[in-house]
Each structure stands twice: as C-alpha cells, then as structure tokens.
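Which chain is which? They are A, B, C and D, in the order written, and residues in each are numbered from 1.
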Amino acid sequence: MTSPRLTLTRRAALRAGAMLPVLAAPRLLRAQPAAVKIGILQPLTGALAQDGDLGRLGATLAAEAINAAGGLKELGGARVELVVADARSNPEAAAQEVEKLQAEGVVAIVGGFASPICLAASQAAARYDLPYIVDVGVSDQITTRGLRNTFRFAPGFGTVTNTALANLVRLNTAGGRAAKTVVLVHEDGLFGSGLAKLMQTELPKLGFEVLETIAHPTPARDMSNVALRIRALNPDLVIPSSYYGEFVLLARTLRQQRIRPKGIYAVLNGAASNYRFVKEFPEAAEGVMDCNHWHDPRKEEAVALKKKVEADGRLWAYNVPLNYSCVKLVADAIENAGAADRGKVTEALAASNFRGHIMPYGPTKFINGQNQGAAPVNTQVQGGDIKVIFPESFADAKPIFPLQG
Amino acid sequence: MSLLILEALSKRFGGLLAVDNASLVVREGSITGLIGPNGAGKTTLFALASGFLEPSSGHVIFSGEDVTAEEPHLRARRGIARTFQIVQPFQGLTVRENIAVGAYLRHAGRDAALAMAESVAREVGLAPLLDTPAAALTVAGRKRLELARALATQPRLLLLDEVLAGLNPSEVRDILPVLRGIRARGVTILMIEHVMQAVMNLCDHVHVLAQGRMIAEGPPRAVCNDPVVIEAYLGHGAAARIRAEGGAHA
Amino acid sequence: MKPRDLLPLLLLLGALALTPLFASNLLLNFLVSALIIALGAQGWNLLGGYGGQLSFGHAALFGTGAYATAILQVKFGLNAWLAFACGIALAALAGWIIGYLSFRARLRGSYFALVTLAFAEVLRILANAADFTGGAAGLLIKLQPGLANFQFASRAGYLWAVLACILVVGLMTLWIDRGRFGAQLVAVRENEDAARALGVDVLATKLRAITLSGAITGAAGCLYAQNFLYLDASIAYGTWISVELLIAAIVGGLGTVLGPVIGALALHGLGEVTKGLLGWLTGIDLVLFGIILIAAVAFVPSGLVGALRRLRMRGAAR
Amino acid sequence: MYSPAIVAEAMVNGLMTGAAYALVALGLTLVYGVLHIVNFAHGALLTCAMFAVLGMEQGLGIGPYAAILPLGVLFFLLGYALQRYVIGPSSHGEDRNTLLVTLGISIVLENALLAAFRSDTRTLGGDMGFDVVELGPMLLSRPRLVGCAVALVVAALLWLLLARSDTGRAIRAVAKERFGAQVVGIDPRHIFAVTFGIGCACLAVAACLLLPTFYVNPRVGNAFVLVAFTIVVLGGMGSVVGALVGGLVIGVVESLGGLLLGESLGQLGIFLIFILVLLLRPTGLFGARA
C-alpha cells in the first residue's frame, strides 16, 4: 500500500503547484480556508439515472444549506464543495469514479443508490481508507464485509423487512385480521429478489399464507399477466417490490382489471411513495401503503426542504432527504474530527452521535458501519397525498385497512 | 486406369431434375472435357463430384474409393481440386496469400507454403502480380488465380469450370500451354468448357451433357459431328439442316 | 516470427508496463479497466476480425469466465490461480458449445450475430435466477490482497497481470496470423466455398477460432472478477460487454494484432475525455462520444491501426 | 392449475401485446430485408417517437391517436434523412460499419433525450389507460384493442405498399438485386432511405399506440429491441406477414410463459424460441429459403 500513497502525495503536490497562481491572490488566501471536498457518487446516466438525479439534488441542497449557514465552523468556516461523479448505473464505472474522486482529494464519498454500486464503490474506497457513506443501497452484504470505511445511514434489508412485517401484523390486527393470504410481486434484481426471499420465509411464521411469488424483469413490457394471476389467486394482500415504471404499470393494470385486494402493501417500492405517481394516477394510487425510507415530518428542516424542492418544480422522493442527511452527517463528522483528514473523519463517523439529520432515526450510532437507529416508515396514499401511518409517534394519518372493495 | 468415376448420378432440386442418371469416367493422366448447352447441369455435376452437393442417388468413386458422402475439404485432401465458374477469390488478400491458402493443404509451415505459392504463380504466369490485392485483378488474372489456388493444393485431379470463359483469344492462347504443362506433370484434368477451340486442342475425350443426361462421349472430333450433340446445342432438326447446307456447299 | 513483427506489440506493452513508475492510481485504474476490455476484444477479434464471424454475444464467454472464477473461489474454496485457469477452460468450452450449435446450423452474418446475442441473454437470465451464481444478489469475492489469492494491493499488480495476458494473446495472434491456421481462418472469412474447395475444414476452423476466442475473452472475464471482486448477472452477461468488445475491436482495426488494444484504449480514453469536458450536463458527454464514434467510422473505416499504417506509408513515400 | 378463462384471457392479452411488438418489428424487418443491416438504433428511435407522442400531448394538446399521422410523416422524414445523410455515407457499405454507426446513433439519441428530459419515467396524463371493454368475463383494455386493430391495418397497408405500388416494387427490386435495380434506373440510396423512413414511421405509429398504456423514459425502447429481433427472426427476415404473425406468436408465448413460469423465466422462453428457430430454420416461418 505504500507506493500508491507516494504517488498520491506527489500528485497532490503537483496539483497544489498548479493551483498556486489562484491561491496566491493574497486576500482570498487569508480570508477563506480551503474548501472541503465531498464526493457525490450517483448513477446519473443509465438505467438508474432517475434515482441518481434525486440523490444528487439532496446532496446539493445540503451543501448549499451548510455553506449558507457559514460553512464548517471548526475549520474556520470552510466551505463544503461537492465533487459529483457519475456511476453510469454500473459498478465498474462506479469503482472507476472512486479513483477519480480520490484523485480530486475528497474527504469522503456519499451515495451509490443501488446495492451493486455501493458494494463495488465502497470496496474501491476501502483501498484508500476513504470514508464511504451509503445513501440507499439496502443489501445487507454492504455492512457485513468488515470494511472499516463503509457506513450506512439508512436501514438495510433486514431492518426494513422486520419493521414492515411488524407493522403489517399491527395493521392486520387493527383491521380485524382481514388479510390471510398474500401474493408477492417483485422485480428479479438484487433488491426485489432479496426482499421476496425474506418475506417468503417470514410471512408464514406470522400466520400469512403466501399463495405465490411472482418475479418480473426490469424493464417489464407488460403487467397484464401478473394482474391475471393475482386475480386468479384472489389474495387479500399484494406485496409488490418493484422500481417505478413497473409498479405504475402494475397498479394501473390492477385498477383497470378491477382487481381490488384488501390492501397493497409495498416494501421499498419505487413508486408507492412517489408524488409523481400519486399525482398522475390518483385513482390507482389511492390506498397503496409502502414501508420505505421517508423523512421525519416532525422536523421543520425536513418540511421546509420538501417545500423548497416542490416549489422548484422538482420531485420529492426519499433519495432527497437521505442524501441531504448523509452530506450533513459527513459535515458533522468533519467538524468533530476538526480537520478534513480522512482517518479522523472515519473515526468521527464511527463515534458519531448526529442529530441534525432530517430522517426519523434519532441520533446516529454506528455499529459495524450500520446506523442502529435507522428505520423505515410506513406511508399510505390518502386523498391524493402521502401520509405517514407508522410509527404512531409521528403518524399524520390513521391507516385505512382493509380497503373497501 | 480410371481416376474418377461418376456412377449414375442424379440430383433433384425440388421438382427439377438437374442431373439425371449421369455417368462418366475420367482416365488417369487425361484431359477430359465436359460440354453441353447452357443449363445442362454441368456445374451441378461438378458440385457433385467435388462434394459441394450431395447426389439424390448414384456414386462418386475417386481412385477406387467411394467418396459420395465425403465433405469437399476431405475430397480436396484426397486430391480433388476444383475451380469455380464464377471466380471466388479471397478479395481482401493478395495473390500470394490467396495461393498460399491452397498450398497450406500440403505444407504446414509458412515458408514451405509461400514457396509453393510462388512456384505455382510462376507456372500460371502470375509471378509479377504476387503482391497485388486479388480484388484488383483483371478477369483473366482472376481466372489464373482460381487455377493457381487449385494447383497449389497439389491435386491428382483438377476440375476446371470454364476457366477460359470471358478471356479474349490471345489470353486463351496463352493459357493453353499452361494447362498442357499441368497435365504433363501428371495431373488429370476434367474441364467444363464452352470454348470449342480449346476443347478440340486439349481434350483426349469429351462427354456431352444435355438436360441433365449424358448424350454422347468420345474423341472431340467425333463428338462434335454427332447429330445428337448438334441437336442438343442447336435445337431439333439442326443436324439435318447443317448436313443439307454442307451438301449444298459441296 | 521475425523480431520486426514483434516490435510494435512489445513497444506498446512495454510502455504501458512502465506507467506505474510515474502514473497516478487514477490513470492506472483507467488502464486496467481499458486493458481488460482490450483483452476481451482480442478474443473477439480472433473470431470476428480474422474469422469474419461477428458475434454480438461475447458476454456469454466473458461472463462464463468471470462467474467460473468467482464461484470456484467463493463456493468451492479453490485457489484463485486455479480458478483462473478453470475459468479460461470453461469459457473456452462455452465458446465451443455455442460455436458447435450455430456453425453446425450454418449460421453466418447477422444470423450468427443474433444467435450469440440470444445465448448471452439466456445465460444472463439463468445466472440471475439460479442459486449457485448468487442469483440477483451476485457474488462477492473476499478482499484478501496477496499474490496467492491473485489480488494485489497496488493497481500496478493488476496492470501487469492484464498486460501479461495481452502479451501472451498478442504473441499467439501474431503466430496465428503468420501460420496455416490464420491463413485458413482468413480464407473462411473471405469466402467459405472457396476455402472448402481448397481443403479447409470450415467447421473445424471456425470451432477452433471460437474456442480460442472463448478462452481469451473468458480470461478477460476472470481478470474482471479478480479486479472488481463483485459480479452480478448484468455485469457478467450484460449486453454492454458484448458491445464494448466489438466496438473496441472494430474501431481499432479488424484482423490486426494491435487493433483491439489500441481500440480499447482509444475508446475508453475518449469516454473519459468527453466526460471530463461535458460531464456537467448529464448525458451530453455520451452524445459527443456517440458522434465521435460515428465520425470515426465515417472517416477511418479501416480502423485506427489501418489509419496508422496509411499514415506511416505516406510518411515513408515522402 | 389456471382456469380456462384465465388462460384464454392471457392469450388475448398476448395477442394484444404481440400486435404492438409486431409494429416495432415491422420497421426492423423491413430495414433488415432491404438494407441487410441489423439496426441497433431501432430502440432509441422508438424512445424518440414515444417522447414525441408525449410532447405532442403535453405541448400541443394533440392526443396519441391524432398524432399518428403527423408523427408518422415526421419520423418518415427523420428516418429518410438519417439513412441518406448519416448511416449510408458513413458506413461505406460495410456491415460492420453500419453496425457501429447505428450503435453510435442509439448512444447519441438516448443520451440527448436524457440530457433534455432527465431520466424521469413519464406517462400520458388522464385515465385513458383505464378504459375497458367487457367481453364476457374478460376486461380488455380499450387502448390496447385499438392498438391491435391499428397494427393490423398498418401491416396490411405496408403489405399493399410493397406488393402493389411502384415504390414497393422498387424496394423489393433493390432488396433482391441491388445492381440490377441500379441498371434499370432505380437509385438504391434513395430506396434505402425510403425504406429506413418507412421503418421509422412504423415506430412512430407503434409509439402512439403504446404510450396510452405504457410509460416512457430515455431507455424504454431497449425493452422492445431484443423481442423485436426475435420476432424478425421468427417471421423470417424481411417478411411483413412474418413480422405480424411472429409478433402475435411471441406475444402469446410470452404471455402464457409468464403466466405459467413467471415473468422472469417467461423471457427465457422467448430467447429459447429465438435460438431454436435460428438453429433449425434460420429463414424463419415466412422467409424465403436461402
């Protein structure tokens, strides 16, 4: 590991040399400490570009907020500068971009979105002991590899599924045990298949009968057959885990085929808590529940941010508050470390006790890189809006279940 | 001693009987001609002999062995080489490289194959053009190239499908001694030819194919005067007319 | 082989081998990625460039190599070097099977291209669904730097490993180029009937080519797995890899020894340059990349190696 | 395991999906049959057309069915220009170059759309997608029924065009014997461009019919490309009737495969058919024997 370090410093020296004329402007040099660079790695092109774009939006807003509030105070008001890199929706490009961010001299990297990208990028970052904060990637492999540099702020598969199941049981109990049979619909990639596998083993233990598990590819051209099978099976509950386009197709087809299960209980769904879907297909969306990442509606900062994003004509989705929070988390760690030094920042992250984020997680506490307080939220589309129904502590609506057919 | 025997070959394409019970014998060391009007099935017969087509019935016997079901490349190894009526050069390669492909059949090494290619090129008069791309050759050049590639496989039997067609008389004159030279080296030749001057000059024995059937065979002169052959070429009653005209002139 | 024939290959690879002395890790990483593609493209080039059989499905071979290496290590605890060798062998076998089925059916041109594409897609769907490939979750090779594990702490190790493979394949290609098999393969590309008439066993020649091609492209897949330590079905068997390999080989120059290497470096370099120039507006960089690709085909139809040759000849003529 | 009613409905669904596939495949098969090129830009062009439909509706208030004619004409011109001034001249008549050029075009189009519209998945507004026609126990989507009917009409028109019109004869002449056609005074470059234009017009129609029940994002066309290739091969490259029948067959196979094996493995069925057809009868069901 010594030779890369050497080249690194040499390169850094060269860069500094190249920048000398700029920095030599004396007033600037004295007035402002060097900006601290944070790498933002998102799939901005390719299949996942929609999510990558949302993630970038959240991160950008966080940097603006930090800088507007006077920058990093412990570092003499240093500004946060984001270096955005495009993972091109594939892990290889992501790993390559990590090298580029490393060369840019970032102090940490935030993002990834998809689990394969997070896995490859965090491993590449580990070679440089570069802290990597996973924004969304839910695969539990991410935090079980023993990589010291990798932190996940949001919940992983295990936590999400457990919460989803616990809430499902509560919902069902409150609804007079209306649901006994379930059909799982999932996309056949890492996220959908993984989730379905967990559900398949856990649901029967909780007294639900899984009638069928239906996998579909992304992109899928047609959901009519999935709808047909659901109609034939006539389950009380449909649990879909798909990306945006496919879930929209499914919901529309179900509606069109007049298939009305007692509930659609999505987990980590790409559309069920997406405002575009709710606005464009209010009828298909009505009553759909989702257990997913969601901002904390009790926090003023979160509400204000949501307003701002919507006022700009942009979409509000969970990627925004998650990336917003992750960037603020890194900024907090830098402040605690007292320097833009990656070793110290890693330690600060590991010991972090950060409350300034806008997710409903409580103060951060990382064990083996996983934020222990992280938990998903249950939402339901009610009256054309997305309401929080669980946890009850900050729910702004009561669940409607079972739906009237 | 007969080198190639085609025994009652038939080839059917759907409803069309292209070759109908045709038999033929090529004696070792001979130049045998195969003539016949257009569409008689000569090229089909060649394809059957060289293995590019499988006969519907009948046998192909080469040097005493039945090769009816053998793939063309295996027949080439046995010593049957053919040229194509529509020349098929390897367009992207030079003349040398083209001929070398044939030479590699008997020579595994590059140097030996290239040496062979050069010597064949000299034999057919392509030596000055060795490094020309095949695509740049004239029609005559391409015909020679077809011949050279086939020769480079060091065949015992050479099947030549109209190597003289499309050449002008002086080009034909130039190539006749080449063919004789090849025979003199002990290579047996079976040729499809329309240029009768060449057939008369070269062939020891001629077979005539018309509408897929063998209608005559014998020494060239005899065959050319055979009324059956004349009728096949010129239509019903032609032989009688020619005889009558000949009589009037005499 | 004359030393003169070897010179360009040795010079290029030698120069690349020296880059770790001065280059940053960023550049080394770029080179490793580009050269893995170059190696795969060398495999594609043997079949597509020399043999004229344009495959759209080399991902089938790349992915088989990659999965074999990963599965043998992760699930069977095999040593990484042995897994590498097995990966190459299995990819060669995959090549032979695909070749046997399609060449026996006499598929050529677009038909062959499409059937290879379909084979790759079938493998992708199966790998995504099967358990022993890790299914959709993919496979993670444990990060354990060490020569015995075929993992290197420094990027230079990977670079040299890839370069060594490229050198071996380059020498082999040169040897083929100058020998009987090469002449017969090119003859098959140019005209199958004529080749057959000259005693070339067309089926066997194509099969040899696709098997070798499978081994080479499979080796690239193995190296990919060792380098990134993570695989899933769309990485290993995705259409993108087939496309990258064939673009690199064609842009570099079909049927040339150095073409795939130069093509892969040029394309990856171009990708980085356009990204650097225009990365601020998502997508615009790839628009420029596409335009340059089209322009390259329009103005340098014989590939970069062909263009370089012409330049040199023009220089010599002066 | 499923009641006959469900299986029957799946088949009807498959036929309706298949009709849309057939339209996409029609353009592809025509271009292949005449130009002998595998057009990699087909998917990206379909995406373009779908964005155009969206733009017509949202920008000009012209619904997808009203847009069929103007977009058909527009895409004919676009396709004509692409082939005449980009693909033709830059590929020098070499298959491998055509391949790269069409690939380049698809990269350009896809990413230009990405830059212009971002990667969001969009749908046509309104609830047109929910219109159903009740047929016994079956609820059939009205837009998809319309799509099916229009696809049949377009295929019939195309067949007529090829069989009866002068242009059609010229196209067939060029497809069969490029040089011969040239000798009798047909300009193959013009005919190639016309063919490509017709192919693109088919895509525009397909886009108009797909969008009411589907979504669009800058990569959506790719979902249809491989299946369109399968149809082209199954039907026989260059055959209009083949593309139509092939599309319907694939639609039904996919639908039943999806029902019985699951959507993911159902896709496998398509590719296996594809491979088997290629290996056993490469000229397809309706292609001329090679």
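Quick notes
We adopt the following convention: a contact is a pair of C-beta atoms (placed from the backbone, for glycine too) under 8 Å apart; a residue touches a chain by one contact, two chains touch by 3 or more.
This is a predicted model, so every value here is computed, not measured.
Should one ask which of A-C and C-D has more C-beta pairs in contact, the pair is C-D. Relative to the C-alpha centre of chain D, the farthest chain centre belongs to B. Chain A and chain C, compared by their mean Cα positions, are separated by 36 Å. Chain centres here are Cα averages; for chain C and chain D they lie 32 Å apart.
The distance from the centre of chain B to the centre of chain D, with each centre set as the mean of the Cα atoms, comes to 49 Å. Centroids of chain B and chain C (each the mean of its C-alpha atoms) stand 44 Å apart. In chain A, the positions touching at least two other chains are 45, 49, 53, 188, 215, 217.
Shown for chain D are the residues in touch with two or more other chains, namely 111, 114, 118-119, 218, 264-265, 267. For chain B, no residue reaches two or more other chains under the stated contact definition.
Working note: touching chain pairs come out as A-C, A-D, B-C, C-D.
Residues 50, 52, 71-74, 76-77, 81-84, 88-93, 97, 100-102, 104-105, 107-110, 113, 149-150, 152-153 of chain B are the ones touching chain C in the complex. By the touch rule above, chain C contacts chain D in their complex via residues 54, 101-102, 105-107, 109-111, 113-115, 117-119, 121-122, 125-126, 128-129, 243, 246-247, 250-251, 254, 281-287, 289-291, 293-295, 297-298, 301. Across the complex, chain A is touched by residues 2-3, 6, 9-10, 13, 17, 111, 114, 118-121, 123, 125, 127, 129-130, 132, 139, 141, 213-215, 217-220, 222-224, 227, 254-255, 258-259, 262-267 of chain D. By the touch criterion stated above, chain D contacts chain C in their complex at residues 32, 36, 38, 86, 89-92, 94-97, 99-101, 103-108, 110-115, 118-119, 218, 226, 229-230, 233, 237, 264-265, 267-268, 271-272, 274-275, 278-280, 282.
Listed in rising order, the residues of chain A touching chain D in the complex are 45-47, 49-50, 52-53, 188, 214-217, 219-222, 224-226, 228-229, 231-232, 244-245, 248-249, 252, 255-258, 276, 280-281, 283-284, 315.
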